[in-house]
Each structure stands twice: as C-alpha cells, then as structure tokens.
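Heads up, the next two complexes both have chain A, just with different partners, chain B and then chain C.
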Partner chain A sequence: MIKKEHSPILEVHDLTVTYDSKPALYNASFGIPKGSMVGLVGPNGAGKSTLLKALMELVPHSNGYVKFFNENLDSVRKKIAYVPQKESVDWDFPATVFDIVEMGRYGNKSLFKRLNKEDKEIAKEALAEVKMLEYADRHISELSGGQQQRVFIARALAQKADIYLMDEPFAGVDVASEKTIVNILVQLQNEGKTIFVVHHNLQTAVEYFDWMILINKNIVASGPTKDVFTPELLQKTYDGNLTTLEQIGQVIQNKQFSTRKS
Partner chain B sequence: MDFWSDFLYFFSFQDTNINNVLIGTSVLGFTCGIVSVLVVLSKKALIVDAISHAVLPGICIGFMFTGVKNPIYLSIGGMAAGAAAVYLVDWISRISRIKKDASIAISLSVLFSFGVILLNIIQHSGNSNQSGLTDFLFGKAATIIESDLYLFLAVFTLVIFILTVFYQHLKIALFDAGFAKTIGLSERLSQGLISGLVIISTAVGIQTVGIILMSALLISPASAALFWTNNFKKAILISGSFATLSSVLGVFISFLSADMPTGPWIIVVLSGFALFSAFFSKKGIITKKLRAKMDDSYNLSEKEN
Partner chain C sequence: MFDFWIILTACIIAINSSLLGSFLVLRKMSLIGDALSHSVLPGIVIAFLISGEINSFWMLIGASVFGVFAILIIDWLNRFGGFGKDSAIGIIYTLLFAIGIILITSIAKNSDIDVDCVLFGDINTVPLLPKILAIPVPTFNLLIIAVVVILTLLLGLKGFKISTFDKNHAQTLGVSITFWNYLLLGLASVSTVFSFDSVGAIMVIGLIVIPPSFANIITRKLSRFLIISASFAVSSCILGHCIAIYLDIPTVPTIGFLMGLILILTLIFQTFNKNLQQHT
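The block that comes next holds the complex of A and B.
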C-alpha cells in the first residue's frame, strides 16, 4: 500500500541501491507530504539506513531518483539537515560540544568565512534546546550516548533546515534524552518542518509518527500511520519473524485497548 | 670535551653546519608534526607507511633521469611515486576482493623492493654522483646544507597555507565525513588534501629520518599530542612541538657521539614522548589508575567516617 502524494516535499522514484551487486534497497518509490513526522520502520538489514544515505547521496544510486521540493539535492542542500547514527563517528576527536554544534553553521556560508556572532548565537540556542548548554565546553568523549545524540540533534538544529533526516536517533539513548528529542521533533513539526526518522522500536513508532513507511528491501507500505500500521502489512514487512510478530501483536492489542479507553 | 662544553657549543648556535642541520630537521619535524594530526585523525596511519616506502623507487627514478642528486628532482620523483602508491592501494582494493589493509601491505612491499632493485642498478652504473643515495633509507640529517633549507621552508609554508585555507573543511570532514558530504563539502577534496600533504611532507621528510622510519614521524607526534588536549588547533601545535623537540634532541644526541645516527635518535626520542604521554598525561593509563585509586580511598574514608 503506497499512498500517492500529489505535491510531496520529498519524492523518491524507483530508487535502487546495491552493495557489491547485491541489492540493499530495491525499486523504492514513495512521496511524503510537507510537515509530516515520518517513521521509517523495518527489520534489521531492511535497508533503512541505506535509504536515508541514498536520499543524501552518501551511497551511489544504481537506479531511480530523489527529489526534494521537486529539485535535486544539490540545489536545496541548505534546507536539509542529516543526523547520522552516532556510532558513525569517533567521539575521541579533539573537539568540544560547542565545536560540533558550530559545524552546523558551515553549510550556510563559504568555508573561508569565519562564523559571526549570529552563527554562534544560533549554535548556542540549538544547544539550549537540547538542554546541553552547560556542556558547551565539555570534550565530546565525556558524554553519554544520549548526550552524544543530543549534540548531533543540536548540530542539525543549528542548520536551520526545513527537512530533518535522522538515522536511529533513539538507539542507545536514556529515557530523559529520548523525551527531550521527542519534544524537539514535535516542536519542529509545529514549526512546519518535515521530519524523517529511521526507527526500530515498533512500540513507540505508533506513538511518535503520523506517517509511516514500512520497508524490507522493498517499500511495503507508505501512508498515514493509522492505514499502514496493520497486522497484515507488518507481517509482510517482518517476514513472519516470530518474536517480532509477538511484539506486533502486543502493540496492536495495546493500541486497541487505548483506543477503546479514549 | 665534556658534556657541558658540548652542550654549550651546540646550543650557542655558533657552528653553521650544526645550525643548518638543526633548522632543517626542526622545520621538517614541525611540518610532519602538523600533518601527523591529519594522518592519525583520518586513520590513515597504515597508508603512510606505504607512501613512504613507495618514495624510494621514485627517488631512484628521479636520479636516473637527471643523473644528479638535486633534492628538488629527487623530491618530485618521490612525490610522484607516493601519489602512485595511494592510487595503487585504492585500485587494488577496488577491483579485487583484496581488502584495504592487505592491498596496503602488497603495495608497500612491491614498491619498496622495486626501489631497492633500482638502487642496486644505480650503484653499479658507475655514476659517481650516486654515492649517498642509500642514505635515504635511514635518513641523512647530518648532510643537510643551506640550499636544502629553502626546499624545506617552501614545503613548510605550503603545508601551513593549505591547512589555514582548508582548516574548517578538514576539521568537519575528519570528524564526520558523512555529515561533511551532506553540507556540500567535497570528500574527494578533503581526502586529496590529506593524501597530498602526506606525500609532500614524506618526500622531504625522509631527508632527516629516512624511508623506513618516516611513518613514525607522521604517526607518533599526533598520537602523543592527542593525550594532552581536547582542542583540534592545540593538538596541531602540540604535535608540531613534539616533533620539533624530538628533532632537536635527536640532532644533539648524534652530535655528542660521532657514531650516533640522527634519524633513529629522533624517532627514539619521539617514541619516548609518545610513551610518556600514554602513561602520564591527564588521559594516560597510570594517571587514570591513580585517580581511580584516590577516588576509591576517598570513598572508603568517607564511608568509615
């Protein structure tokens, strides 16, 4: 089930990505509406991160195209912020928290110009939003997983983008950090921004996202969460994997329970 | 002469020959110390070894073409060979199933053996200019003369210039290559700059420590420096200072005793700094243990009270 979007802010058409001639993502086509909070959900190795990387052209496309605002990535880079998995970098790098957040400002200006007062102010605000301002001068190796993730989110906020792409922002973070991050995402959505999140936890997926894409190498479904989050489609996505299916059953039960209650 | 009169003679800078060696090795040391930070943070330590070994055939070919031991021609040959090594490593791992570490080892040994063979051919060619070419293996700091200094200073200036202009680009790309790409920073440019800086500093750096020890001069300074600071800029300065200080001490030790080689001593001193940093710096192994122990005893005494 792939719901057609008439004026999508992000449009993906027939996107195929292969690693060593093995397809990691096959013929993905979907569109997402402006201002939605999208969850990209699927089992391990389903190509979730690959899809996100392909959107940002971090991995080569074998086929198909991606359009943001109906344009190619290169002409709209400044409007898109990407948050990689926090495990993808070396946190022993000699830099403070503020150094990292500041990096978010460089996309908006020539690299040979220094950051001005306004840039520093924006970086500070971003840090305050993730509740990490008092850590500004800390070295990044002294942070917990949740704090590292919040620093990454702050860097993305400093980019002042319109679309935010995030790779597993809730993986390995503490409850407090998860709450802070969720609040920020909600706030971004209220400001009219579009958010696209790779997510692996089905229980919270229903809660967080109003639009959902189910993926397992192919796009199984894409549409409003209430239409997509069905036992049939989930079963199709998870290939009948037993433990996951139990999890799904539980989630759906809870969902019905809470619906009845409300 | 006793130690102190040697010491005074050396550090009063009255001997032009010694000064040339001292300035030359210090400038090269600082240059390599700076580049070292980029090498270590980009995790390119292995490929540096391949580049430095590949420089030998380049130098030999440079000599065969010109017939003279002009450091500029030899360096150009060395740089070309270094670039070829980077390309070769990349090419082998791209077209075959051979992984990067193996392709580095293959390139290193093949190019180095090729260099040794060329060196042999040159030695038996009857060209009398060739004497001293083998010095490139372990360095020939003691023979640095004034005209060499201009080349070293030119390379030093170039490295500083590139680092200043591309400072932010390199910093962002070194920390998070994926993010750098998404904000439109060219990965090819940052990778090319780092390889280029390594190749340039290697081609001239081997004059002091030689091909075999060159990788140490591009790995140890930053490895030591990163124990002392959490700041990118300071890491560069500290790394450069470690390498410079090691160069000065290495030259001094070899001056004390006529039989002592300069290059190896520079590396021994530098490794001493690296080891000391690993154990006794703020982030060092022993410091951490001691601190943990102190915390423990503090906690214990608190409980007892």
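The block that comes next holds the complex of A and C.
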C-alpha cells in the first residue's frame, strides 16, 4: 500500500541501491507530504539507513531518482539537514561540544570564510534547544550516548533546514534524552518542517509518527500511520520473525495511536 | 652556523610532518608515511635513468610523483577494490618497492643508488651541500614546502576539520571529501619525500605519528592540538640535537628516542595521576 502524494516535498522514484551487486534497496517509490513526521520502520538489514544515505547521495544510486521540493539535492542542499548514526564518528576527536555544533554552519558559506557573530549565536541557540548549553566547552569524549545524540541534533538545528533526516536518533539514548529529542521533533513539526526518522522500536513508532513507511528491501507500505500500522502490513514487513510479531500484536492491541495532534 | 642549519632543517621537517601527521593520525591513516617510504623507490630510479644524476632535484620530483601515484592507487584499492586501508597500503608499497629493487638491480645497475640512503638519511651532511640564496638546498626546498603547508592548513582548517570528523555530514553540506583528502595526502607525500632525503624514512614516520599522539593525550581542542603537536616536534629536535652533540651520538636517532621517551613518560605520569585522583 503506497499512498500517492500529489505535491510531495520529498519524492523517491524507483530507487535501487546495490552493494557488491546485491540489492540493499529495491525499486523504492514513495512521496512525503510537507510538514509530516515520518517514521521509517523495518527489520534489521531492511535497508533503512541505506535509504537515508541514498537520499543524501552518500551511496550511489543504481537506478531511480530522488527529488526534494521537486529539485535535485544539489540545488536545495541548504534546506536539508542529515543526522548520521552517532556511532559513525570517532568521539575522541579533539573538539568541544560547541565546535561540533558550529559545523552545522559550515554549509551556509564558503569554508574559507570565518563564522560571524550570527553563526555563533545560532549555534548557541541550537545547543540551548537540546538542553546542552552548559556543556558547550566540554570535550565530546566526555558525553553519554544520549548527550552525543543531542549534540548531533543541535548541529542539524544550526543548519536551519526545512527537512530533517535522522538515522536512529533514539538508539542507545537515555529516557531524558529521548524526551528532549521528541519535544524538539514536535516543535520542528509545529514550525512546518518535515522530519524523516529511521526508527526500530514499534511501540514508540506508533506514538511518535503521523506518517509511516514500512520497508524490507522494498517499500511495503507508505501512508498515514493509522492506515499503514495494520497487522497484515506489519506481518508482511517482518515476515516470519516471531518475537517481533508478538510485539506487533501487543502494540495493535493497545492501539495507542497518536493523540498528541488532536 | 654548522649546527644552525642542522637544527633549522630538522625543525622545518618536524613542523611539516607533525602538522600533516596530526590530520593523518586523526584519520587513522598515519601508516601512509610507511607506505610512502618504500613506494617512492621506482620514482627515484626512473628519475635517475632520465636525468642521469644522483642526488638531484629530479630524483625528489620522481619520488614525489610516485608518492602521489601510490596514494591514488591505495585509495582506489580501498574504495573500489573492497580492501581495508591497511591491506591496500601493504599491497601497494610492497609492489612498488619490489619494482624499485628490480629496476636498481637490472637497468640501473651502475647507479649506485643506495636503498639504505632512502631509509636512513643523514642530517649532518646538510650544511655541506650546495646553497641557494645562502641556504643549503634541502633546507631551502623544505622551507618552501613549510610555507605551503602552513598556509594551506590555516586557510583550509575548517575543511580539514569537518572532513576528518564526520565525512558523511560534510558531504551532505556539499563539502568535497575527495578534494580535502587528496589535498592532505598530496601535501603529505611531497613533504615526506623531501624530508626522507635529509633525515630518513624512519624519522619522518616518527615525526608524523609521535607528536600528534602526544598532543592527543594533552589537549582536547583542534587548534591547540596542532600547536602542541608542532611545538613538541620542534623542541624534541632542538633538545635532541644538543644531547646528541653532548654525548657525541647521531642526531636523528637521538631525536626519535627523545620523542618516544617523553611520550611514554607522559602517559605513565597521566595514568599515575588519574589513579591517585581516584584513590583520594
């Protein structure tokens, strides 16, 4: 089930990505409406991170295309912020928290120009939003997993983008950090931004996202959460995985569909 | 004046190697120094065959060209051949070194290129060499490289920083990872090759790895990291040369020994200090 979007802010058409000639993502097509909070859900190895990287052209496309605002990535780069998995970098790198958040401003001008007062102010605000301002001068190796994630999100906020793509922002994060991050996502959505999150926890997925994409190498479903989060479609996505299916049954029973918008 | 040229040459090499080494170490690519030390050999031999002179500027150019070439194929093997960086380095430097040895023992039999010369240079001969503008040739060349390295690092600090810390993020901002990568490796190979000539490969590798490793345990900020790395390298060179004269031993090994010793002592001191703090 893939719901057609008439004027999508992000449009993916027939996207295929292969690693060593094995497809990691196959013929993905979907559209995302502006201002939605999208959860990308599927089992391990389903190609969730690959899809996100393919959107940002970090991995080559074997086929298909991606359009943001009906344009190619290169012409709208400044409007899109990407938050990689926090495990993808070396946190022993000699830098303070503020140094990292500042890097969110590097894309807005030539790398050879100095950052001005305004840039610093924006970085500071972003850090305050993730409640990490008092950590500004700390070295990044002294942070917990949740704090590292918040620093990454602050860096993305400093980019002042319209679309936010986040790879597993809730993985290995403490409860307080998860709450802070969710609040930021809600606030971004209220400001009219579009958010696209790779997520693995079905229990919270149904709570957080109003649009959902189910993926297992290909796109199983894409649409409003209430239409997509059904036992049939979830079974199709997690085929055969018993423990996950039990978890799904439980979630469906509870039917805790998103209520925060009403 | 004699000692002045030796110390100055050592210091310039120390600055170049430790600054470029800082980024190589942070990118976990410091083995590139080892790779270069051996893969430049065919370049030296070919340059000799063309120019017919030994110890010439052309041999350094030949070596630099092969250094850049080695880096390109290492990168290619790593990215498209699916080999890890360490394996790619191992494959290429063995291959190129082997080609170099074969060339020396066959076509360039009469060249008397001494392989040891590439691996263990002697800095004490620097003041005796011909001069340009009253500066010994190797020192002069290294000085130009130092100006280029320092200017590039000052202007490109942000580019090196972001592409080293998080290349995926940098790429999504439209920063060209390939550009910064090749700029760093290109500078490193030219600087390394010109340094081999004066202090030998082992010493250059030491100057690439040890000062940044020292900075890494002392500081947590990139700008300070670079300054500490360079100052550590420079002071080790000055101190090392003085000790070498006093004890009448060779300069280059003394500097290497001194750097290693300070690094290990600092580590021991830090661990001791930490334990002490935990117990009180």
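In this section, the second predicted complex is superposed on the first by the 255 of 262 C-alpha atoms of A that agree within 3 Å, B and C clash if a C-alpha of one lies under 4 Å from a C-alpha of the other, contacts with A are read in each partner's own complex, and residues count from 1 in each chain.
Here is the rule we use: contacts are C-beta pairs under 8 Å (C-beta built on N, C-alpha and C of every residue); 3 or more make two chains touch, one makes a residue touch a chain.
Remember, predicted model here, so these are calculated numbers, not experimental data.
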item: Fit or clash between chain C and chain B when superposed on chain A; value: clash
item: Which superposed partner A:Val89 touches (first chain B, second chain C, both, neither); value: both
item: Partner chain(s) touched by A:His139 [first = chain B, second = chain C, both, neither]; value: both
item: First, second, both or neither for A:Tyr106, with chain B first and chain C second; value: both
item: On chain A, positions contacted by chain B and by chain C; value: 53, 56-58, 74, 77, 80-82, 84, 88-90, 92-96, 99-100, 103, 106-107, 111-112, 139, 141, 155, 159
item: Chain A contact footprint on chain C (complex, rising order); value: 26, 82, 155-156, 158-159, 161-162, 164-166, 168-175, 215-216, 219-222, 224-225
item: Contact set on chain B toward chain A in their complex; value: 41, 165-166, 168-169, 171-172, 174-176, 178-179, 181-185, 226, 229-232, 234-235
item: Residues of chain A touching chain B in the complex; value: 53, 56-58, 74, 77, 80-82, 84, 88-90, 92-96, 99-100, 103, 106-107, 111-112, 139, 141, 155, 159
item: Chain C partner contacts - residues on chain A that touch it in the complex; value: 20, 53, 56-58, 74, 77, 80-82, 84, 88-90, 92-96, 99-100, 103, 106-107, 111-112, 139, 141, 155, 159
